[in-house]
Amino acid sequence: MKYATAFASEMTWPDYHAAVREGQTPILIPIGSMEQHGHHMPLHVDVLLPTEFARRVALAIGALVAPPFTYGYKSHQKSGGGNHLPGTTSLDGATLVASLKDVVKSFAKQGVRKICLVNGHFENSWFIVEAIDLALREARWDGITDLKIVVLSYWDFVHNEAIAQLYPGGFPGWDVEHGGVLETSLMLALHPHLVHLDRAVDHPPATFPPYDVYPVRPEWTPPSGTLSSPREASVDKGHILLEVCTAGIVAALRTEFG
Amino acid sequence: MKYATAFASEMTWPDYHAAVREGQTPILIPIGSMEQHGHHMPLHVDVLLPTEFARRVALAIGALVAPPFTYGYKSHQKSGGGNHLPGTTSLDGATLVASLKDVVKSFAKQGVRKICLVNGHFENSWFIVEAIDLALREARWDGITDLKIVVLSYWDFVHNEAIAQLYPGGFPGWDVEHGGVLETSLMLALHPHLVHLDRAVDHPPATFPPYDVYPVRPEWTPPSGTLSSPREASVDKGHILLEVCTAGIVAALRTEFG
Amino acid sequence: MKYATAFASEMTWPDYHAAVREGQTPILIPIGSMEQHGHHMPLHVDVLLPTEFARRVALAIGALVAPPFTYGYKSHQKSGGGNHLPGTTSLDGATLVASLKDVVKSFAKQGVRKICLVNGHFENSWFIVEAIDLALREARWDGITDLKIVVLSYWDFVHNEAIAQLYPGGFPGWDVEHGGVLETSLMLALHPHLVHLDRAVDHPPATFPPYDVYPVRPEWTPPSGTLSSPREASVDKGHILLEVCTAGIVAALRTEFG
Amino acid sequence: MKYATAFASEMTWPDYHAAVREGQTPILIPIGSMEQHGHHMPLHVDVLLPTEFARRVALAIGALVAPPFTYGYKSHQKSGGGNHLPGTTSLDGATLVASLKDVVKSFAKQGVRKICLVNGHFENSWFIVEAIDLALREARWDGITDLKIVVLSYWDFVHNEAIAQLYPGGFPGWDVEHGGVLETSLMLALHPHLVHLDRAVDHPPATFPPYDVYPVRPEWTPPSGTLSSPREASVDKGHILLEVCTAGIVAALRTEFG
Amino acid sequence: MKYATAFASEMTWPDYHAAVREGQTPILIPIGSMEQHGHHMPLHVDVLLPTEFARRVALAIGALVAPPFTYGYKSHQKSGGGNHLPGTTSLDGATLVASLKDVVKSFAKQGVRKICLVNGHFENSWFIVEAIDLALREARWDGITDLKIVVLSYWDFVHNEAIAQLYPGGFPGWDVEHGGVLETSLMLALHPHLVHLDRAVDHPPATFPPYDVYPVRPEWTPPSGTLSSPREASVDKGHILLEVCTAGIVAALRTEFG
Amino acid sequence: MKYATAFASEMTWPDYHAAVREGQTPILIPIGSMEQHGHHMPLHVDVLLPTEFARRVALAIGALVAPPFTYGYKSHQKSGGGNHLPGTTSLDGATLVASLKDVVKSFAKQGVRKICLVNGHFENSWFIVEAIDLALREARWDGITDLKIVVLSYWDFVHNEAIAQLYPGGFPGWDVEHGGVLETSLMLALHPHLVHLDRAVDHPPATFPPYDVYPVRPEWTPPSGTLSSPREASVDKGHILLEVCTAGIVAALRTEFG
């Protein structure tokens, strides 16, 4: 089925109800964060990007996009610069787990049986896993045993061919792709007015020892807050990423949700 | 201070940091829900309206708007139709409390000292109160004792003169103003493309006995999901409401935040 | 069935068991607080009053009264003067929710299928709602699907005719009825030795702005701790209230519990 | 200081405030349960007894009695017959811990510095210990470091001389004193109208293997629900117990609270 | 069935699976603590002893021993010296409850239907009881209704004959058997290299008033940390204890698990 | 300082106290799991390995090893085969977080200021991070602000030179190193009697799509439970790994703990 909008929240309840009550329409839930993304990008990159991927995928497969999670788990120094940085506004792990669990169960109660969690903030990953386990457990206690949940982070769909194209000078690794070429290119393609490339700070990829220290040592994070340089970001790369990831997710959900 | 945007999430972290680090810039947090709003309005009315009030107020007083809470507490039959209705997707009380607590504490850690919670979903009210109490307690444990928090629901700023203007046939009471004249007029003024007034169901205000029953009796809620008729809603009334409530909130925050 | 006492706690277990095992006998649970009630009334007004209403109703309909909850949720400044006042001794929201949930489930496990929560402390209201939702959920997980719960606050049964009789000078509104005419009249009728009307402080009804501030501003609450004057309270008004509310609750429970 | 009543809940807040604000007046909190106590006693024995001991002690040392906890932890088969018995209505451990913690902290915030928890239900013991540890921890986080808490179960003050007097035929041990001579004698002395000695079931003391099994084996508990026979109970023994335990507790609190 | 090892953790999963999938093989879970045990014994006495009893019993009845719980509930002054003593490293009650609950449920999910919790640390007792109640509840919600759990503390199997043999000079009572003859003899028999009897402090049994005080008064605990003297401990007594308790537990589990 | 044992639990409390009270001696806490490790290895590989690394490192730098965590977070299909596999016995995320938090705080209360969490089970990683954040928060509330915590997984210290030596045929990636060459070689070097190489199943490295599905699809995991073949494991490789990782961790802790 196709709707005038991909966003469930823009629908009236009778339309929404017609869409989900048989359990055939998948719901895609974007899960983001409010987190610093360097001197050149705004604080809600991790909300905007998974929401847009969810929207594109939903339109392609006849799914609906649920309201995004606007806050996420604490930023980790080696993947997001660290939770001590201004603007990074985070939830405890248990809070994120409970929020996601409640929402998944609420959708299941309405008849939804196919849910895809579209993650945009790396640090959310394991708390999403736990939330799903608890939601499935409680759904089971409520007699719901046919709920199927797919979890993904959009960047995991960037295949090696795309990486070669995007990082001709060599891929610094996903670990340090915080505020770097990937996110910046996507933002340039989608929300150019929110990107201030002129203010981007160029620096070599951050390197870290093979362990963590707490309280974090602020000096381990580049002063910009990014972990690799966004200098090579471009609108074109953004479009490549949009295409590659959307296609990958669409194929995955077609496989899983039929 | 004035910024190009009222939305904190659209700022880079250095700009955001400059704004909040001294504690003078208030942060306004819209708290909504995903809830059915009748046959004529979408599911995120309770997110859109407080976000817009927060934006207007922020621009007026030099504050910033935080990302909204997109899910809220369970819908109550007498004020929102009931949590059993399709589209209504809710959090447990403890989850909402924890989420708000975490976010308030996170802002406080960054230096914010003036926070206003702008509620758009009646059922959130007491869990917001609890979240504030717990956030202030833990902030205190962290040595932060000068955090000031204002909580408000925008409709509480509709004064008697406005009510007389908006409801010439008599005010049915806030209790049944779910999907009625107030919310519908505001949506007509702000997001007309999301309102399908032609699909609105006209019915007398819902009446309830002076107690609740659980599990809810679905037949107590009008089939439309609204608790009073939106028929008398209009763009003009929406503008009156926008003006009256914004002015009221601006005055309140000037009093409280200086 | 009628018993020598309305209080379940005064019965032996074989008598209690005979009463509840078929699920026909309703259990009424009074939910109060330990809260200041002005210079003229004791701290457990909110326990004594719902317990007495529960007792009268139980005797009328053949129900039993469970032990009261002696502590409740935090006092709110606009309805109870505020939680900062001496004598006001409160539970966190989650604690009240858990307590009520456990007790409701425990009764259900014993065979009780009709439960009425009789609230005497306004601030408990939403945490009672949440407790019921969670108790019904877990009862359902335990295979109990025929549990019916009625929630009420006794003052909601004061009809307009009674209000006209009780407040000939005009009704200040339930909001400020903390330690005012209603509670004081009831206490005068029931427990006159606990009321010191000579120490009551006369003052105009408290007025508040349309928002809350935290930490509370103590100066918003009248120094007495009451929100309206108890001066017009009387034994006669107490008897009117006892009669009106008891009759209302009896009728409600006959409707709901058969 | 002496008051007209030992019960804090019967005082107005100014009187209560005058009593506790300097931290010199101890607060005694009775902690009971709703639990079956055989065919001859009511369900709130464990509330009535510690409340009465608290009252006597309070009058003797100038302390105040807080509202009792009317529900307690689950009955254990070897000390209370088991939680499966009708009438036994219980809280989860975490719920009791949270309730006590909240109340202790609330009193501490009001200035109370000497608290005595008077337990009347054996199974509460370890959850009381945990609640105190958590309350002291959080009080400490709030800068309160001079809070002193005494915990006691009244039966621990029955000295060997009294035991010889009370059980001339030999003491069956505290373990099986559920609904036996001790509790029954106290109830006979205090609330004779609530005791139906004619319905008491005579049986030898219950014996159990040196381990527990779950789910409990109902057949291990005597059909009466008591664990030893109340036949030898008497008003006189009740008065001995009242005297011995009161004197012991008074001495203890004089030692600890000065 | 007999295995090469009593320890489930030393088996491969196919061997383990073959053993437990039919639900006939009992699992024994030792539950200990990290707690000071005087000047002469190490901190993990409470892990080593129940693990060894579990091993012996498992070999005798064809059961398996699960990995031990290496941390336990807080040490109580009257039974373990107090939680303030160096080396005593403890969990909150809720943490121990959750850990045990999760592990019991996890075993049940794999097909285990007979579980014995072998406690080695007195203070764990009531949190074990609560964990079992919650685990059985959630197992039930998952449709598992035939799970049987035995709980025991090995010292409860020391019968009166053995006590007479072990304490010829009179038994000081289990209460003060912390680091005394029982534990020291067992350690001498099993792990002599970990016992420094020359460093043991001889002192009369600790005596305590019939109540607790918090924060604990350190001076109530003997400076050694033990509550009675280990001087009379011996290897021979250790062997008597090993034999008596093992035989008792084996008999109990044969009775309960068939 | 050097002790006769690296294991804190084998020390008497006076020795332990002397070691830690000044805060100079680091404590290393091994964190493992009970998890299937293929047909050829036992269920506690993830406990044995970090415990041994901790022991070696402790001896080298004068630290102490705390009792290991014997249960861990749920096995993830892509890194551990999945939590549905027999033998895999797991904790909820919140339980692991609470356990670790309590233990870290308990050590800090005793004077420990340098703690290293040595992880042996990949899935524990993010719950360890959360536990540390919460432990530091509560330690701070208790006035402890100089606690330093290092977290590491031993395999992160395998440098590229070692990888080249260990995997001459190409490194399959850490993702699928569950029960493969790394763990098996270490076990062969340390606990050969627990490894049944003859029962090891040879298979190509597992491959997974770039997303997860829940409930897991059992068929995605190789039937053996391992994610890559252990065939090329050897005692020699085990010794290389022991040497490389120990040296790396020793250097890291010397840097961090001085």
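Lettered A, B, C, D, E and F in written order, each chain numbered from 1.
Methods note: contacts are C-beta pairs under 8 Å (C-beta built on N, C-alpha and C of every residue); 3 or more make two chains touch, one makes a residue touch a chain.
On a predicted model such as this, the values are computed, not experimentally measured, just so you know.
According to the touch definition, list the chains common to the neighbour sets of subunit D and subunit F.
B, E
Expressed in ° and rounded to a multiple of 5, what is the rotation angle of the C-alpha superposition of subunit C on subunit E?
120
Averaging over Cα atoms per chain, report the distance between subunit B and subunit F in Å.
Taking the average C-alpha coordinate of subunit B and of subunit F, the gap between them is 47 Å.
Taking each chain's centre as the mean of its CA atoms, how far is subunit A from subunit D in angstrom?
54
Which residue numbers or ranges of subunit F touch two or more of the other chains?
Subunit F, residues with two or more chain partners: 92, 94, 141.
Per the touch rule above, enumerate the chain pairs that touch, sorted by label.
A-B, A-C, A-E, A-F, B-C, B-D, B-F, C-D, C-E, D-E, D-F, E-F
Within the complex, which stretch of subunit B touches subunit A?
For subunit B paired with subunit A, touching residues are 8-14, 16-17, 20-21, 34, 36-44, 47, 66-71, 85-92, 94-95, 98-99, 102-103, 106-107, 110-111, 194, 196, 199, 225.
Mind listing the subunit B positions that touch subunit C in their complex?
Within the complex, subunit B contacts subunit C at residues 74, 76, 83, 92-94, 97, 123, 125-127, 129-130, 132-134, 136, 148-152, 156-157, 209-215, 248, 252, 255-256.
Going by the contact rule at the top, pick out the subunit C residues touching subunit E in the complex.
On the subunit C side, the touching residues are 141-142.
Could you list, by residue number, the parts of subunit B that touch subunit D in their complex?
The touching residues are 137, 140-141.
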